[in-house]
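Consider the two complexes below, in which chain A is the common component and chain B and chain C are the respective partners.
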Partner chain A sequence: MSQSRKATIGWLVVFIFGAVGLAWNAFSQPRGFGMRYVTDSTTTYYEVKVSPPIGSIPKKPKDGEGAVAPKDRLVWVSSDSPDLEKSNVTRTSAEPISVTRTSSVPPIAAWAAAENGGKGPTGATYRFSVADTIGVWIAAFFTLAIFSFLWGDNPVYKFAESVVIGVSAAYWMVVAFWSTLVPKLAVPIAPIAMQWAVPGVDEERKVSVVLAVIPAILGVMLLFRLSSKLGWVSSWPLAFVVGTTAAIRLIAHVQADFLAQISNSMVPFVVSTNGRFDWGASLGNVVLVTGLLSVIVYFFFSLEHKGAVGKVARFGVWFLMIAFGAAFAFTVMGRITLLSERLEFLFNDWLWLIDPKGDHTVTTIVSNAAGLLATVF
Partner chain B sequence: MKSTVPTLIATIVGVVLIVAFFVPATQSWSETAVDWFNILAGVAFILGGGNLIKVQLETISSRRPGWGYALVILVSFAIMLTVGLLKIGVPPAEQYPNHPWSGEYDAPASAFGWIFENVYNPLTSTMFALLAFYVASAAFRAFRAKNIEAMLLLGTAFIVLLGNTAIARLTDGIPDSLSFLRLDQVVANTMSYITTGAFRAITIGIAIGVAATALRVLLGIDRPYLGRT
Partner chain C sequence: MLAFLEKLDRRWVFLLMGLAVAIPILFPLPFEYKPSALARSVFDEIDRLPDGSRVLFSFDYDPATSGELSPMARAMLYHCGKKKHKLYVMALFGPGKTLGSEAIQEILLKYAGDDYTYGEDYVELGYQTGNEGVIKVAVTDLPQMFPTDVRGTPLSKIPVLEGVENFQAMDLLVAVSAGDPGSKQWIQYFISAYPKTRMVTGTTGVQSVSLYPYIPNQLAGMLGAIKGAAEYETIVNAKYPGPDGKPVPELTEAQRRMGPQLTAHLLMVSLIVVGNVVYLMGRRKAHQSGGGR
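And now, the complex of A and B:
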C-alpha cells in the first residue's frame, strides 16, 4: 500500500471517528451543542444640568488674564445614577436615550437560568443568539481549516490563510486609525470638528496648528512610497521614523539592557540568610556570574578562541546550550498550551463534549435517538 | 537634496531625543517626537493596506494562478475595514449616549469585535498552535545527542518540560534537606542562575549591538531610509 493511500485511509478513519463523535454528542446532549447565549441590558440616560456648588472658587486659566467663574455643565447620567438625587443636578427637557448592550453568557449559566425561569443571578434574561452561534461555527470551521494543513497544503487551508491576511491587515489599520490617528492627529488639528468621534475632548487646541499639521504632512509624504516616480518623497518621513527609532532604542537598550543588567549581576558570592551561610544562593550567584562572563568571552571575537580563552569560551557554550534547551522547552510548552486552548474550544465551546454536569448518559442517548427517529418516521 | 535632507532629519531628530533624555527642560520635545513617530507608524499601516490592495488587484487583473485567493484577501480586508472604521454595532460610550460614534471601536458586541473573536482570533491562535507539531517534528529529526553540547541542550529541555508537568510531583518525597534535588527546584535553579547568566550575556551583547547600529544611523553612516530610491 502506498504512503499517500495509507495517509488517506488514516484521515478517513479520523473523520469517521469525528462524525460518530458529533452524532453521539447530538443524541446524548439534551441541549444540543454549538449554541451561544447572550443577555441584553437596557439603560436609560437623562441629560442633566450640573450647577457648580455654592461658594465655588473661580478658576484662573493657565495663560489667561482674568479668573473665570465655574459654569453649569450639561452631562448625561444613567437612570440608576445616585447623582440624579443631588441638589445641584436638574434634568433638562431633552428626550431620554435608551441604550441596549449585549454581552455573552457561558452556556452552563444560560442552562442554569433556563431551569430557573430564564432569569440570571442579576435578573437579566438570557436568550439564544443567532449571530454568536454562527460565530462559534465559523470559528470552528477556521480552526479545522488551519489544522487541515497537517494533512498537506489544500484549498480549505489556503482560503483560511487568505482570510487571515485580509482580516489582520484591516484589523491593524482600524486599530491604528482609532487609537492613534484620530486622537493624536485629527483631534489636535480640529478638536471641535472631531467631537462626533471623541466627545468631551478639550475644545481648546493644546498644541499649535503648525506642530499638529507637521506629522500630517509627513504622513501624506509617507504614502508616496506607493508611487514609482515620487517614491523618494517618502524617504523624509522614513528618515524621521528611523532616526526616532535609533535614538529611542539607543537610550532604552543602554539603560535597561546594558547598565541595568550589569548592575543586577553585581551579586555577592557569600550569601547569608538569618545569620547562616546560605550555600545554595552563594553557589547560584557564583554560577550566574561565571556563566555570564564565560558567555561574554564566547561572543568576544577579537581574541582567538585558543588556550585559556578557548576553554572559557567552550564553557560559555555549555551555558548557552542549557539556556537554549530551557528556551526550547518553554517554546514547546507555549505552543502546546495554544494547541490545548484550541482543542478546548473545539471540544468545549463548540461541541460541548466536556461534560461536567454528567448529562451524557445511555438513557439520554437512547431517548434522544428514539425521539429523533419518531420525528423522522 | 534626495539624500542630504533625510540624513539631516534622522540625525537631528535622533540628537533631539537623546538631548531630551538628559535635559529635563526639553522633555516635551521627546514627547512630541514620539507622538509624531506613533502617527507615522499609524500611517504606515494605511500604507501597508494600500500596498496589499495594489498587489492583490494586480494578481486578479492579470489572472495569475491563485487569483481567487487574492479576491478572498480583498473581500475579507474590505469587510473588516468597513465594520471597523464605521464602528458598526458599537454602542455609545456611557458618558455620551447622545454620540453614536463615541463607543470603543473594538467593543465585544460590535461587528468588528465579532470578526475579531470568531475569525481573527481562531485563525491566528490556531496557526501558532500548529507550530507545536512542527517544533516537535523538527526536534525529533534534528536533535541527536552526539556531543556534550547537544546532550546539555536535550537534557535541559527534557528536565524543564518534565518539571512543568505533574510528573514533577513524583519528586516531592525527597526530604527537605535535599529539596534542591526536587524536579521543580532543579528547574527553578536552572532558570534563576544558569539560564539567567547566559541570557544576560546575550542581552548585554544585543545592547552593545543596538547602540553601535543606532550610532551609525544617527551619524549618517548607515542610511536605510534611502532604500530603493
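And now, the complex of A and C:
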C-alpha cells in the first residue's frame, strides 16, 4: 500500500471518528445543537426636567463674561431609574417611549431553561431565533472552511477567503463614507443639507469650508494616478501626505522613543529598597544596561567586529536571540488563544458540547436517535 | 522510527495541536494564579484613583483579536465601574466601537448600572478615522475630532464632558490595543507630551514585547496577552467579587483559556525537542554513511 493511500485512510478514519462524535452529541442532547435563543426586554423611558441642586455653584466665568448659573436640563430616564425619586427631578408632559431590546442567551442558559418551560432564572422568556441560528451556522461553516486550509488549499477555503476579502472591503468602504466623507467633507460644505445624516453637529463649531475643500481637491488630484498622461498631478498631494506624515512622526519618535528611552536607560546599578540593598532590581538594571550597550555595539558597523568589539557584539547577539525568543513565545501564546476562542465557539455556541446536567448518557443517546429515526421514516 | 518521524505528515502535528487545545476546553484544568507585578501595577493605577475620576477607555482592537483582548478589556471596565469612574469610551479601530458598546452593556451596566447614566457618568465617543491623527488633534481639541458622541449629541450638551476640552483633562488612559494605531501611538502622541495623565494598557502577545521599553516611566502597567488578562481577572475577582460573593462569571474567560495554553505549550516544547533530536540524529546518520551535510 502506498504512503499516500495509507495517509488517506488514516485521515478518513479521523474524520469518520469526528462525524460519529458529532452525531452522538446531536442525539444525546434533548434539544439537539446549533440553535440560538434570545430574550426580549422592554424598558420605558420618561422625559424629565432636572433642576440644579439647591446651592449649586455657578460655572467658572469665561474671559469677559459673568458667572453662568446652572440651568434646567431635559433628559430621558428609564422607569426603574432611582433618579425619578430625586427632589430636583420632575416628569414632563411628553409621552413615554418604550424600547424593546433583544439579547442573545448563552447556550448553557438556554439549555438550563429548556426544562423550566423556556423561562430564565429571572422569569424572562427565552425564544428560538431563526436569524441568530442561521448566523451561528454560517459562522461555524466559515470557521471550518478556514480551518480546512490545514488539510491543503481547496475550493471551500478559497470561497471563504474570497468572502472575507469582499466583506472587509465593503465594510471599510461604508465606514470611510460615513466617518470621513460625510462628516469631514459634506457637512462643512453643506451643513444644513446634511442635517439628515449628522443631526447633532454643534452649530457653534462650524468648520471652515476652505479647510474642507482643500483636502477634497487634493483627494481628487490623487485620482489622476489612473491617467497615464496626467499621472504627475497626483505627485503633489502625495508629497503633501509624505511630508506632513514624516514631520508628525519624526517629532513623536524623537520625543517618545529617542529622548525618553535614553532617559529610561539611565538607571542606578545599586538599588536600595526601604534602606536595604535590592538584589533583584540591581541585577535587573545591570542586565538592562549591559544588554543595551552590547546590542548597540552589534549594530555599530563603522568598526570591524574583531577583538574586544567582536566579543561584545557577540554578547549582544545573545540578548537579541533571547528577545526574539520572548517575542516568538508571546506570538505563540496569542495564536493559541485565538484557536481556543474559535474552538470555544464551535463547542459551546454551535455544537453545544456543554453538559451542565450530565445528560450525555447511553439511554438518552439511544432514545433520541430512535426518536429521530422514527420522525424521518 | 527515525524515518517515520522525518517523513511525518505535518497534518498529524495539526491534529495533535487541535486536541491539545480542545481537550482542556471540554475538561477545564484548575489553575492557581499569582499575579505578576505588571498586572498588579495596572490594578493599582485604576484602584488608587479617587472614585469618580476621569478615565479615557480606548477599544483599539477588532474581532480578530477579541479572543485575546476582550477578557482584559471587560475586566478593566468592570474595575472602573466598581470605582465609579467617569468613563469616556472611544475606539481607534472601527469595530472597536461596537465591541466597546457590547462590553458596556454586558459588563458595566450589568454590574454597576445603578451608578451609571449615559451622558452623566459615561459617554461613548465612538470611532474616528485618522489613526494617530485622532490622538494628535483630540489631545488639544476634543470637539474638533469628535463633534458629537455616537448618539449624535454635540459634546457641549453632554454633562459628563463639562470642563473636558481635550484628553489632557483625563486622570487615566486605559488602552486595549491590537496593533497600530494603538498603545504605541497613545504613548507617542499623548502620554510622552502630557505625562500628567497616566496610562495603562492591555495588548496582544505579538505587541507586548515592543511596549516593555516604555515601562514604567511612560507606561504605568501592562497586561500582556491572555496570561495578563487571567492575572487581572484573579485580582479583580478577589477584591470586587460578584453580587453572590463568587467570581463574576464573565470575568473567568481568560483563566479558562489558560488551560489550553498549558497543554499547547507543553506540546510545542515537546515538538521542538523531538524535531531537534530527529534533525541531529539524521545529520549524524548522514555523516556516518559518508554523505555529510
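We adopt the following convention: the second predicted complex is superposed on the first by the 285 of 377 C-alpha atoms of A that agree within 3 Å, B and C clash if a C-alpha of one lies under 4 Å from a C-alpha of the other, contacts with A are read in each partner's own complex, and residues count from 1 in each chain.
One rule holds for everything that comes next: a contact is a pair of C-beta atoms (placed from the backbone, for glycine too) under 8 Å apart; a residue touches a chain by one contact, two chains touch by 3 or more.
Quick caveat, the model's predicted, so the values are computed rather than measured.
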Of the two partners chain B and chain C, more of chain A gets touched by chain B
Touching A:Phe347, do we find chain B (first), chain C (second), both, or neither? second
Partner chain(s) touched by A:Leu250 [first = chain B, second = chain C, both, neither]: first
Could you look at A:Tyr45 and tell me whether it touches chain B, chain C, both or neither (first, second, both, neither)? first
Kindly classify A:Thr133 by the partners it touches after superposition: chain B alone (first), chain C alone (second), both, or neither? neither
Of the two partner chains, chain B (first) and chain C (second), which one does A:Asn88 touch, if any: first, second, both, or neither? neither
Look at A:Ala323 in the shared chain and tell me whether it touches chain B only, chain C only, both, or neither; answer first, second, both or neither. both
Report for A:Ser148: first if it touches chain B alone, second if chain C alone, otherwise both or neither. neither
Identify the partner contact of A:Gln261: answer first if only chain B is touched, second if only chain C is, both if each is, neither if none is. both
Just to be sure I read the superposition right, which of the two partners does A:Val332 touch: chain B = first, chain C = second, or both, or neither? both
Chain A residues contacted in one complex by chain B, in the other by chain C: 75, 103, 150, 171-172, 175-176, 179-180, 198-200, 248-249, 253, 257, 261, 264, 323, 326-327, 330-333, 336, 338-339, 341-342
As the complex stands, chain C meets chain A at residues 7, 9, 11, 14-15, 17-18, 21-22, 25-26, 64-68, 94, 105, 114, 117, 119-120, 127-129, 132-133, 136, 143-144, 147-149, 151-157, 159, 162, 187-189, 191-193, 204-206, 208-209, 213-214, 217-218, 224-227, 257, 260-261, 264-265, 268
So in the complex, the part of chain A that touches chain C is made up of which residues? 3, 7, 11, 14, 59, 73, 75, 77, 81-83, 103, 150-151, 171-172, 175-176, 179-180, 183, 198-202, 204-205, 248-249, 252-253, 255-257, 260-261, 263-264, 323, 326-327, 330-334, 336-344, 347, 353
